[in-house]
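Note that chain A is present in both complexes that follow, paired respectively with chain B and with chain C.
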Partner chain A sequence: MRGTSLRPLWGWGLLALGLGGFPLLASEFYIRLATEILIMALFAMSFNLLLGYGGMLSFGHAGFYAVGAYTVAILMKKTSVPFFLAFPAAPAVTALVAAVTGYFCVRLRGFYFSILTLAFGQLIWGVIFKWSALTEGDDGIVGIRAPTFLTSSGGSYYFTLVLTAACIGLLWMIIESPFGRTLLAIRENTDRTQFIGVDVNRLRLLAFVLSATFAGVAGALFAPFNGSVFPTFALWTKSGEVVMMSILGGMHTFLGPAVGAAIMLSLDQMISVYTEYWPFVLGVILLVLVLFFPAGITGFVRVLARRESAGTRLA
Partner chain B sequence: MLLETQGLRKAFGGVQAVSNVDLAVLEGDVHALIGPNGAGKTTFFNLLTGSLRPDTGRIDFGGREITALPPQQICRMGIARSFQRASIFPKLSAFENVRVSVLAHEGKSFRLYPRANALARGEVESLLETVGLSDQADQPGESLSHGDRKRLELGIALANRPKLLLLDEPTAGMSPDETRSTMSLVQRLARERGITVLFTEHDMTVVFGIAQRVTVMHQGQVIADGSSEAVRENREVQRVYLGEAGWFWR
Partner chain C sequence: MKRKVLSRVWVLGLGVLVLAVSLTSGDRGLTPRAADATSHPIRIGLLYGITGFAAIYNKPAIHGHEVALAEINEAGGVLGRKLQYALRDDKTNPEVAVRMANELVLREKVDFLMGTLASHVSLAVSEVARKNKILYLATIPKTEALTSEKGHRYVFRVASNTLIEGRQLAELEKTTPATRYYTIANDYEYGRKVVEAFVDHVKKVKPRAQIVGQGWPKLGETEWTPFITAILAAKPEVVLNFVYGDMFIAFVKQAKPYGYFEKVRVISGAEVVSTEMAVPLGKDMPEGILGNAYDVFYWPDTAEHRKFVKAYLDKTGEAFVPGWAIQGYIGTYFLAEAIKKAGTTDTEKVIAAMEGLTLKTPIGPVTMRAYDHQANRGQVYGLTTHSADYPFAILKDVKYLNAEGFWRSVEEIKALRGEK
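Let's look at the complex of A and B:
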């Protein structure tokens, strides 16, 4: 027991050191790429609370990401609310929107749940697209002025790193809590969970709202980082991205979706230098992965590690 | 009287699965519900636990009406159940299977803090010991043998500290040894913890071995009800079983 609990501690220490020291060594371009990876990692991990831990495949998660991003954008550009107030408002507004849409979604199971989340996600996109007076419609809201400490790529990176790490810590706490364990039970056997006296729909709703709230934080981080927000943030293809990141990285590992986000964004940068058919390459990678490594990359690494430790035990 | 149903009916299409059933379960009894396949026993259980709504009739438990309440509320009032095919949480360890139920009973399922690991340890361990699964505590539910899964499900049900335990064929598919130890466990629970048990079972040695009262269902209706001696001597029961299948007196 002691040995297994110490080793991850080392791992976390190294990760913290690497992430903390990264901007000192890397160029502007890579610092910005890393910042984007952190934001997408948080977005994907928030989504995976539903998919990997709750067994709920949402196809509308980008809707909440967009609500977070637009809340910051609208408050800062349209009402000149300062950033330090607009930023926390984003998860609050997202939670509210998720509570309303989730109320309907969590009543449905499986496939029907997925379709309704897709519908609500597209509805959010539609509202953003059409309500030009508030959202500037298709033009998006451009020229969001981040506070001075966020204008440098380093400052923006560290701000994102601290918030992402804090949110991931909270997600970890949630997963390890009685609530998180009960959510796993619902994933495993929804009916049985009712018969131990748990109000399944209420618990699923709480999971839905928590998951959306963290997606809202990710959106709120992206808005000042990007300087502009567009309706495409809410589009179902954006929702598809986090589904792919989770599957690619491994949805049954805590950090799996973050690994998926890092790989997808890095590949995007690398491959699109050579070919404009990057989605084709991504398609092939996903195909191979789903067929041969259904547990995702982290799942595969875990199997390898287990095999190795079994080997040393034998030797 | 702990549980009472009056005029309970449930039809699927044109079939009366449960037809005008009046049943009373006395507090502290081990009560068997028997009948040939398709007699309506499982449907009756599903009505009692809220998985199905009755077409007509009412159910009272501990002096309160529970007709058509949702399953989680009925469970919280003190009725726990097991299923014909053991229903567990396959990927969770035996320990976690029971813990999730203990946490639910303690009203902590919605807590976001502290870690579940810090809670309910002792209670879970003693429950696993009660059902004889201490050695398999870390095994995933899906890797347990058939008999152990059934015992695990019993542990999950007991974690709710029920007043009434509904067991749907608790020994189905078990070896004679497993059957004996499971039923003596059920008997012990009834005696030591004062849990009332209502169970269905096909094995008549088991039924008449531990039940104080027996109710016989046939084609959705109760055709006999009484002490196990009285039911054993009942002519109609003999006719139904001997006429259709010889297994009753096997």
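Let's look at the complex of A and C:
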């Protein structure tokens, strides 16, 4: 027993070492790519709280990501609020927006829920696109000056790493809490959970708001990292990206969406460099992954690991 | 349950470590920018939307870049070094453009950035250029902000802009008797800005002019009947059009049954009369539209222009030179000329050389204004007409208007930027 309980420490240690030491070894380009992967990983994992654990397929999640990003951008560019105040404001504003939209969304089930989230997501996009006086419309807000400790790629990476890790830790605690377990019950059998006496809509709303809040943090991280924010952040195609990341990485595994984010971003970047027919190559790779790894990459790894441990027991 | 988590974490940790090591070990050997500056080619990052809705407009510009590069390299290159492109697909998406521009600068170690079509994409790339202190030469995007309030040391533009375009069209209306104007443009930055520029200027040059109505279709609109009937109901004499590309083609086809082009006179920006639009419309292109283009292959009939047209057709094997090809062509020559003048590829020195630089181009001399880095590039204007020579409409009474007299003065831009 003691031997096995050490193994996770090894794994986490290795993960921490790999992620922590990465900027010391990598060039600036790869540090930037890794930072973007970390942010997208948080975005995808926040989404998976809804999809993987709550069984709610939202097509408007990018809206909350955009709210987070725009909150930071507008506060810093338009009102000259310093970063350390603008940054925490982002999840707060996002939570507020999510509470209002979520109030309506969680009352619906299945497809109807998805359609309404899509509508709200596009509504957020529409507001950003049209309200030029505040958001500068389709030009986006460019030239967000990050504080000095974030201007170097290393500083930006470590800041993102620490915050992403903290948020993922919180997500883990949420999932492991009685609330998280009840959420699983709702996913598996909503009616039965309701009969037990659980206020299903209230818990679904809580999950919706929490999930959106973490997406808001991801957006708030991306704004100073990117230096600019655009209405496309809120577009339904962006929401589609996180759905893909979650399914690709494995939506029933805690870190699955993060793995999906890493694969999607790396593939996108690498293939675009080598060929202008990148959509074809990317499409084929995704097709193979979805056909042969229906439970996602992490789901496949889990099956392998299980098979291996079963084998050693027999021998 | 626990055991499964462990092994996954293990694999993940190992994966990240392997990834970190493999990525970093491979990257060390890439050519450093300064080390062997004399033998290596001068690398230019090109950003265009190769896929997606804007592809048909980007291809001609890319070909223009390629023609110029071939000419320059055949003549021995610049400072004895060849020019070389690294082309990236920005997907006409600012977020992708930022990632690709960073990749070009940080990984490909390009010396300069060039290109982009869409205004919001150009602003995004401009920001990357500012951060990384890399010279970025915008070839097509028109948002005036790029070189006015959002301009900075590292961004240049060889294209016209929304203010110049709107004011030039208004200026051309100065002497006509018409007073009732209707405007139609897509509801986004370009459409809003260019209409605003036209309306402001037309009221200045023709105080009797009135705007009898405005249509703001969304970008990508396909159903034009409501807009057409609304325009005809307002009984304007002139319609100012900025609906372009596939949208314009659909508009023309849907407007025909209403006798639209007989009832109103159309003046248009957004290059709807350029060759790449005229060819797909063929004989459906209405006659008498006053429109603009960056270049038409049959004008001006000068040696420089004929040389450009011949070089383009020889290189690409296409039947006609599209209007936006010249923007890529001029862009590459502008950069090459500035490098030559600077005698080095050092960014700061090339910037100094480019400020105020005048280049002989196929459509005449183009000068880069030193203060705001906006070229005095205007456009050619003419009336659409059909002839027996071509199966599509060409322009008659063609003239070139450059930006001077239309663009904002340096003082105005200083005020916009909050400088003294």
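Keep this in mind: the second predicted complex is superposed on the first by the 310 of 315 C-alpha atoms of A that agree within 3 Å, B and C clash if a C-alpha of one lies under 4 Å from a C-alpha of the other, contacts with A are read in each partner's own complex, and residues count from 1 in each chain.
Definition applied: a residue touches a chain if its C-beta (ideal position, glycine included) is under 8 Å from a C-beta of that chain, and two chains touch if they have at least 3 such contacts.
Small disclaimer: the values here were computed from a predicted structure and weren't measured.
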Three-chain arrangement built on chain A, chain B and chain C clash or fit: fit
Touching partner for A:Glu176 - first (chain B), second (chain C), both, neither: first
Partner chain in contact with A:Glu188 - chain B first, chain C second, else both or neither: first
Contacts of A:Gly55 with chain B and chain C, given as first, second, both or neither: neither
Superposed arrangement, angle subtended at the Cα centre of chain A by chain B and chain C, nearest 10 degrees: 140
Contacts of A:Gly140 with chain B and chain C, given as first, second, both or neither: second
First (chain B), second (chain C), both or neither touched by A:Leu17: second
Which of chain B and chain C A:Leu206 touches, first, second, both or neither: first
Superposition-derived comparison: chain B or chain C, residues of chain A touched: C
After superposition on chain A, the shortest CA separation from chain B to chain C (Å): 10
Those residues of chain A which chain B touches in one complex and chain C touches in the other: none
Touching residues (chain side chain A, partner chain C) in the complex: 4, 7-8, 10-19, 21-22, 25-30, 32, 36, 129-130, 132, 137-140, 142-143, 226-228, 230, 232-233, 253-255, 259, 269, 272-273, 276, 278-279, 298, 301-302, 305-306, 308-309
Chain A partner contacts - residues on chain B that touch it in the complex: 49, 51, 70-73, 75-76, 80-81, 87-92, 96, 99-101, 103-105, 108-117, 119, 156, 159-160
List of chain A residues in touch with chain B within their complex: 173-174, 176-182, 184-185, 188-189, 191-200, 202-203, 206
Residues on chain C engaged by chain A in the complex (per definition of touch): 2-14, 16-17, 19-21, 23-24, 27-28, 50-51, 87-89, 93-95, 98-100, 102-103, 106-107, 119-120, 123-124, 126-128, 130-131, 143, 145, 150, 187-189, 192
